């Protein structure tokens, strides 16, 4: 209820790097009412919100969604009430096209400078006007080192008939077809029909080996040893590894998807000031580290990244050449969907 | 006719109950398992129950779910039963059409139902300027909308071929239509109403897709929280809360079954 | 005459194209014991249901009045009657006592009084309230159920009581007791009874007036003795009690009667038959208990006399029926008191020649049946 | 109050069709306003142009329906129908005996009914994961069987059509059991006795008396299983390894990954149309029967 | 004696602690028409249900035999009998004709023959097959339903037929016709009938033997005339027909009879009473139709004679009942033939002094009732 705005004793802001000359920014009102955050579940450390509430004397409600589209549909329909949402990269593009994001008022986010340069000015938000990066990760291969003779280094692993029934890939067209595009050295955002046709051939060849198309829940089967290798995110792999240290993560040499989820303020937000405070808050090194320690994913916050219990190093220049962000495919989505339907139902 | 049931029938029944309850048993057992991934038995622990105390979101959402479940069940059972009554007891033009319309909510894919309701509510709010706030009321509206049909279909099947004589007897004894309905029809229909209500509550209590679309800030139901947690991995505290729900309902049911003895006519 | 309590004016009811009740009219006075008698499927239950309000008369199907008011569209519970259903219609989910209490509860009778009245009603139908009160109807025998149905209606002491064969499943002794109870309620409380029964004796002993229905119509309406002694049609004569029929041509008409000539030439005198023309063929009826048997030549004077031969003696408890064949092969029955067959058998043996005699005063001219 | 109520009833009794509607009005109104009207929006959407970022754009096209000519979708539709039918038949075969047993179990009736529904008061996903635990290679069933020495290699259950079927049946069994139970519960035992004394053996008694009299429940139960089974999408993903696609997945995907709302709506309306026509035809024929009988 | 078709040996059945049938035993011969008569709730239906196999006797509850075989645990369909249920139990989902055809279908009767037999059975119960055959039972009147139930059992022509008040809902005329049909089936096809009825006249006219049940026991078993003329107990005397009772002390015993002295000093002679001691108090019974009324001093000799005063004359159709009060205030009834009250009323008026006379041969000594 009625959170009285109490100016934060924020640490002195380091100079924002790579920010163009300051434009006149609007003044924001005080922190009012509750802060409503709408994000993926289990994606925030358990102490993050309580500490924020204590410090800023502002109640936070956290609601969760399970797909970007669910969140977009609600925003698109005009169901406001959320102050912060957490879209994945391509979803930012969609939100931008639909004009569903508020512009950030930078002077209220002095910690913005803590963001590592490789996560600023991304393809989704080149001007850094709308987003504050939250967590990043890579989609690679999680495997049981005790069950595989050699550590995998290629998507070709899933074409190996010897592993028939012991491997899984993610149940997501972007990750799945994307992997096969990368396998042939193509962009995972390709809409070129011949490239896609080739990816389909590979995907179908892999399908016979796969035990299932399955995403995060494969962890239990990796831990149990039903599955030897699975296409998976690095953070989830780390969570599974906590249960069974035979589990390792590899990024195929052909390349893979890198992603970075961000926080944005949707149109219709009521408590914009508190949202800014929250954005600033999570950019504190210790807060960012706490979040990443909880999720197992990397922190785009450079200072936080250095404090992680299990370091998730930023990709090297070399690696960045093969890692690629998933971008919105626009009209190409339909083509991909048709392809995915064909793969699934053959 | 206290005819005993043939042994094979009892065997099938026991097998089906075992089929239905085996996963529950697993779930209960793993709520005491000292492993985050339910992969194998790692040892006994109460930690997941302890953790529930910290997870306000699970408990909050449980209350929301119960509130939504109970209210929507009562409303949809009432409306559905009346609808069934109208369909079974009256002949009017377009009855078959009306009845097949009942199946629309059953055939409509959840996502279509959810999105259409979301659009509809926003239409009310943004175009007609009716102050609709997404939250518990909209969830209840949605749940009633898709539960009515289930209740109606079930109750309708019970009404089929039921004797009208009893209602007539009630009416000649001075009960008007309302009283006759309440005192005579409802008790006769009771197994149907109970079945319908149970299905309605179950669907409401377990619905994710539609609820997630018509819910608003701060009114997550249990499935929304659970789906979120499960997306990554099923944490055993979910097993713990499920176990608690099961045990509590089982106890409540048992107690109410014991207590509900027919009342004698006493001064 | 006072305002009738119940009035049917040309009431009709059709089920799926078939008339169950066809333009019937009658009036019932306050406090009257009015019975409806008729063969199975003639429309008795339908008539009661029309009166109770479960059935609405056809369009243009006449009007039903209660206490002067047209009630065609009045709901059953607004008509303030009580009814015993032919199939009992007990509430299976309520115990016997709660079944009986149901109507009292609807009328808001205070609890203590209710318990008392329920007990009294069960006592009246000879069911021990302590033993049967708490049972569900399913744990009762057929007759016990019927008695509960009766108690459920009686307990209300309504001003009009409809009963659809309320004693059909009871044994003779209990039935007699119940008849007395019902009759005393009728007398004591002035309740108007509309009573459907198959038991003619019941109808004859209990009723003030009887409507005999046939094929959806009222065939005759009158006091019991009138119906029994002066049936208007062959249907009524045959249906109420037994009758011997004589067919012949009118050969003489006198004041208050006719003389008829049978095909075999014998003459029979009868009462009634006003307006019948000479030469017309008419049917006459005479009750078996008005028929005497004598030796062929011992017939007393002034009586109708037909020569006959004994065919069969049928044992029927209180009565004996002696069947005699007339010259033309038709049959007449004489009912005699059974004075003990083991010790004092009737003198009539199969094959004995005799004379069937009956008084012209006991012989009635019947009206032709309606189409 | 009472007077008002009676006056209202009296007025209604003079208008039989209003009487029917007054009973049905609240439910029908709710369905109309909160289901049919919103669905009307979606129906309109199914004829509009797709917006690549979700939602629709103005315009009119029937291309989304035309797309169904593609054998790809027909195949999916047929597969879905096969699964749904299989699920219905299996549920009927399992559910009927259970419903019958419950209806004949005297004072235990209510308890047994609750036990049928109790598992469903845990989340669908939690239940399904418990099933996965039972069925996977290192799961309870396989380890038990191997422990007893009955098998040496784990039986592969997950990812097979049988697992999908088991999951579907599991999920929809109460929808079969409860309506059948409620229509069997009113069965008059003296009818069974009558059949028996007329020489009907148990099988004849069942097929000639019990089954026909519980037919309303069987029909209701079958519809309540078959129709939702047509639209199910998670069970086949989780237990079947997501290697096949059902019409439910197709629709779901159009609103999520493919962001093709009009096609998603069109797909649902095609299925709805087919199902509703069948239901309508059935109801009409039943009505005609009833009228012919009366 | 040939093997009995049905045999009950000490059969008992208890419902919820209450005995519905208490150690009853009887045998039924092949082709016999065996009736069970008794007050409501005495256990008639339960007895039939034990025979049909719907109820199993209690543990140690004796045995039921059919054709010599113990059938306690035989299912009903293995017993090859047919039954008419008290509540009809028609299949609501089948038309009338399919209801009737049900048993034939079970027996695999060929289609053409089946249609023929169904039609014949419906004709037999006076239901037009064309009109009523296709109707559902719900569209029938009460009596029509009962007739369908009857047809459904008759069509099977079983060797044993159980009927639980099969004619209770029919009017007298139809009931008589049905009685004749049933009796003729019994004679013609040799079907063994086990027949429960409340109608004594029906039981008396149709039965070869009657079992009178009282309170879960068989009170008397015998041929109709025997039961009617020589009731063993007051219960049977009262239950079958009507009886006048005389209570007194034995003052003389002779061969085949006793002389009893009433409290008012009048002596009454009666038959039976073997083994009764002098001074014992006994109850005598005499049927009303064996009682004569005479002027106080016109009583014939050799008869029992008690002075009385007329209290009431009751009109009962065929019969009149004249009730007379004796000196000690007890009442006796004399039944007279109704010879037409309008024209030839009985001479007895309320208040007339008279003498009640009855022959010692019509007066029976009753056994005391069992506890």
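A few notes on this one:
As written, the chain order gives the labels A, B, C, D and E, with residue 1 at the start of each chain.
The definition used in the following text is that a residue touches a chain if its C-beta (ideal position, glycine included) is under 8 Å from a C-beta of that chain, and two chains touch if they have at least 3 such contacts.
Every value quoted in this text rests on a predicted model; they were computed, and no experiment measured them.
Shared contacts of subunit C and subunit D, meaning chains that touch the two of them, come down to B, E. A count of contacting C-beta pairs for A-D and for B-D identifies B-D as the more extensively joined pair. Relative to the C-alpha centre of subunit E, the farthest chain centre belongs to A. Rounded to a whole number, the gap between the C-alpha centres of subunit A and subunit B is 36 angstrom.
Computed from the mean C-alpha positions, the centre of subunit B lies at a distance of 57 Å from the centre of subunit E. Separating the CA-averaged centres of subunit A and subunit C is a span of 92 Å. Chain contacts: subunit D has residues 6, 9, 129, 133, 138, 190, 193, 213, 255-256, 294 touching two or more partner chains. Taken residue by residue, subunit C touches two or more other chains at 16, 75, 87, whereas all remaining positions touch fewer.
Residues of subunit A in contact with two or more other chains: 70, 73, 217, 220-221, 224.
Against subunit C, the residues of subunit E that register as touching in their complex are 15-16, 37-41, 44-46, 86-87, 139-144, 146-147, 164-165, 168-175, 198-201, 204-205, 224-225, 228-229, 238-239, 241, 287-290, 314-319, 335-343, 359, 361-362. The residues of subunit A lying in touch with subunit B in their complex are 34, 36, 38, 40-42, 46, 61-66, 70, 73-74, 77-79, 81-82, 215-217, 219-221, 223-224, 236, 239-240, 242-244.
On the side of subunit B, the complex with subunit C involves touching residues 163, 165-166, 168-177, 179, 183-184, 187-188, 190, 262, 264-267.
Residues of subunit E touching subunit D in their complex: 52-54, 75-77, 79-83, 85, 87, 89-95, 102-103, 105-107, 134-136, 139, 152-153, 156, 162.
Residues 188, 190-191, 193-201, 204, 208-209, 212-213, 293-294 of subunit D are the ones touching subunit E in the complex.
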